[in-house]
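Both complexes shown next keep chain A, but they swap its partner, so chain B is in the first and chain C is in the second.
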Partner chain A sequence: MHSFGYRANALLTFAITILALMCAMASLSDNLNSPSPSAHVQVLNVNWFQKQPNGNDEVSMTMNISADLQSLFTWNTKQVFVFLAAEYETPKNSLNQISLWDGIIPSKEHAKFWIHTSNKYRFIDQGRNLRGKEFNLTMHWHVMPKTGKMFADKIVMPGYRLPEEYR
Partner chain B sequence: MINDDGEMESEQRMDWQGQKLAEQLMQILLLSFAVVAFTTGYFMASFQMMILTYFGGVVLTTLVTVPNWPFYNRHPLQWLDPSEVEKHPKPPPSANSTSKKKAVKK
Partner chain C sequence: MGWIGETMDSIKSIQIRQLLTQAVSLGMIVTSALIIWKALMCITGSESPVVVVLSGSMEPGFKRGDILFLHMSKDPIRAGEIVVFNVDGREIPIVHRVIKVHERQDGEVDILTKGDNNYGDDRLLYAQGQLWLQRHHIMGRAVGFLPYVGWVTIIMTEKPIIKYILIGALGLLVITSKD
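Showing the complex of A and B:
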């Protein structure tokens, strides 16, 4: 501590060590938040449902997606990535997961939303198992913090069924 | 301008107690600013607020503890006067060390 340079160096080192600690504490403080998000999806219409020339089933549908993810946001949240997946079981795969829609929520103000949309990504099965298939729509989200650990969770909404016939 | 080394050092460097004070001040100030910044950020729910408060604190601490302010030099070293040293001449080299060296050589 005898010269200008040594004092400046000591201060900078200590200041940055403390900053790292503060960031760690900010990340830990996220655990105090117990979120209570809600999501609801209504399948309004199956626009078309057909077998592709290569034999795979493909569906297009219109949905009403509404969700309230405001409680996921804390002071240490940068953004939330959210996607809606159709999940179902086939003889070949115990879990098929197809992303139908996704979005990035930049702030708490945008975290309560409803969207009327057809599926953003194509709903294609590996095979032709979709006729009369019962499936879940699952809202997945990843909370991206400013510092520290990323959290992920989901809401499973069961009880959707595809039509028995192609149309 | 500069009469001797002693004079130059007292101008450039903090005295011992000043150094101790500067280090303690630095640690205490930074820690308290960290606590203040974290609390402000948490209760205002703004991460940016925490960073800004802390950065302000770091700048203030730098201004207080890094420059060699006069109040860090209130306890200058009192060097003995050269005439005083002449009155107490160095003891002659001890016979102890020389005998040891001889013992090793054997």
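Showing the complex of A and C:
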């Protein structure tokens, strides 16, 4: 009844239960945070815009991205993964999402940023639909916790348009 | 003589009863673990509700040895989600992030993934000539995260001796314990 084995077992079980409970509470406490992030993107230049030999349109552009994601950080936040995606509709596809730029924000101090960049991933359509195409730029973020549930949300910025002609 | 025989019988019967109790309790442990696993499969809709991260391709978000909870629903897959997928001809599932989505009117979808810590996208990991992942490659999307716990399974698969020692010790404990 009071052997070493039983005591060790009881202690271990108790410790693991408490640890699991603390992890669950840390994850639940994230729900109390109501963030108010902001983002702004400016397309400065379309560097080039052409049809690939296989017939798909490809465009390269330079953007100014600024965002303030400080309010996403809580004590249970390990990092925030943020990316900017171009989203548009074509006759063939009801939704196209193309990630143009992404970044990992390791801490609250780095969560208010400003970056001048051209698209990190290739902006290629499945087809030849990009001329004069209107598209949304959407800032998505995924909050990775130290433990528990992951959160995601976005800001949609509508009203961007690609040029009518290849260049 | 009759008295000794009676005592022997009673000892034997106790041992058999004890043995049965131990066998039943061991069976209960094994079956309840199985029930929990199968119930998780039903709830999450994924054939493996929990996966262990084996590579560092998603660092610093997910490190080797972390475990992920998966969920498989009818919801469409969107860019930014972390999905677990199986490539034809590869046995080990991969956990990476979706960076491009092309969804057709009828719901068919083309997906491109990339590891946060990798330089390029995953087309090199896909089967020869495969450009996109389809819906049937996806095993689930990651919804929750618990650090370090997966090291137990990594150690056990890489050093099988430890697994056998652990199983032996637990078995011995079950057999010798008296309650």
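Note that in this section the second predicted complex is superposed on the first by the 164 of 167 C-alpha atoms of A that agree within 3 Å, B and C clash if a C-alpha of one lies under 4 Å from a C-alpha of the other, contacts with A are read in each partner's own complex, and residues count from 1 in each chain.
Following the convention adopted for this analysis, a contact is a pair of C-beta atoms (placed from the backbone, for glycine too) under 8 Å apart; a residue touches a chain by one contact, two chains touch by 3 or more.
Note that the coordinates shown come from a computational prediction; the quantities given were computed from them, not determined experimentally.
Is it chain B or chain C that touches the larger share of residues in chain A?
Residues of chain A touched, chain B against chain C: more for C.
Taking the superposition as given, does A:Ala10 touch the first partner, chain B, the second, chain C, both, or neither?
So A:Ala10 only meets chain B here.
For A:Lys92, is the partner it touches chain B (first), chain C (second), both, or none of the two (neither)?
second
Who does A:His2 touch here: chain B (first), chain C (second), both, or neither?
first
Which partner does A:Lys146 contact after superposing on A: first (chain B), second (chain C), both, neither?
both
Examine A:Leu21 and indicate which partner it touches, taking first as chain B and second as chain C; both and neither are also allowed.
Only chain B; A:Leu21 stays clear of chain C.
In the superposed arrangement, does A:Pro106 touch chain B (first), chain C (second), both or neither?
In the superposition, A:Pro106 contacts chain C only.
Where on chain A do the contacts with chain B and the contacts with chain C coincide?
Common interface on chain A, chain B vs chain C: 146.
Using the touch definition up top, name the residues of chain A that touch chain B in the complex.
So the residues of chain A touching chain B come out as 1-4, 7-8, 10-11, 14-15, 18-19, 21-22, 25-26, 29, 74-76, 146.
Under the touch definition given earlier, write down the residues of chain A that touch chain C in their complex.
Residue positions touching the partner: 5, 23, 27, 78-79, 81, 83, 85, 92-99, 102, 104, 106, 121, 126, 140, 142, 144-150, 152.
Quick check on the complex: what are the chain B residues that touch chain A?
Within the complex, chain B touches chain A at residues 12-14, 19-20, 22-23, 26-27, 30-31, 34, 37-38, 41-42, 44-47, 50, 54, 58, 61-62, 65-68.
Which residues, counting only chain C, touch chain A once they are in their complex?
Residues 60-62, 76, 78-82, 97, 99-105, 110, 116, 121, 142-147, 173, 177 of chain C touch chain A in their complex.
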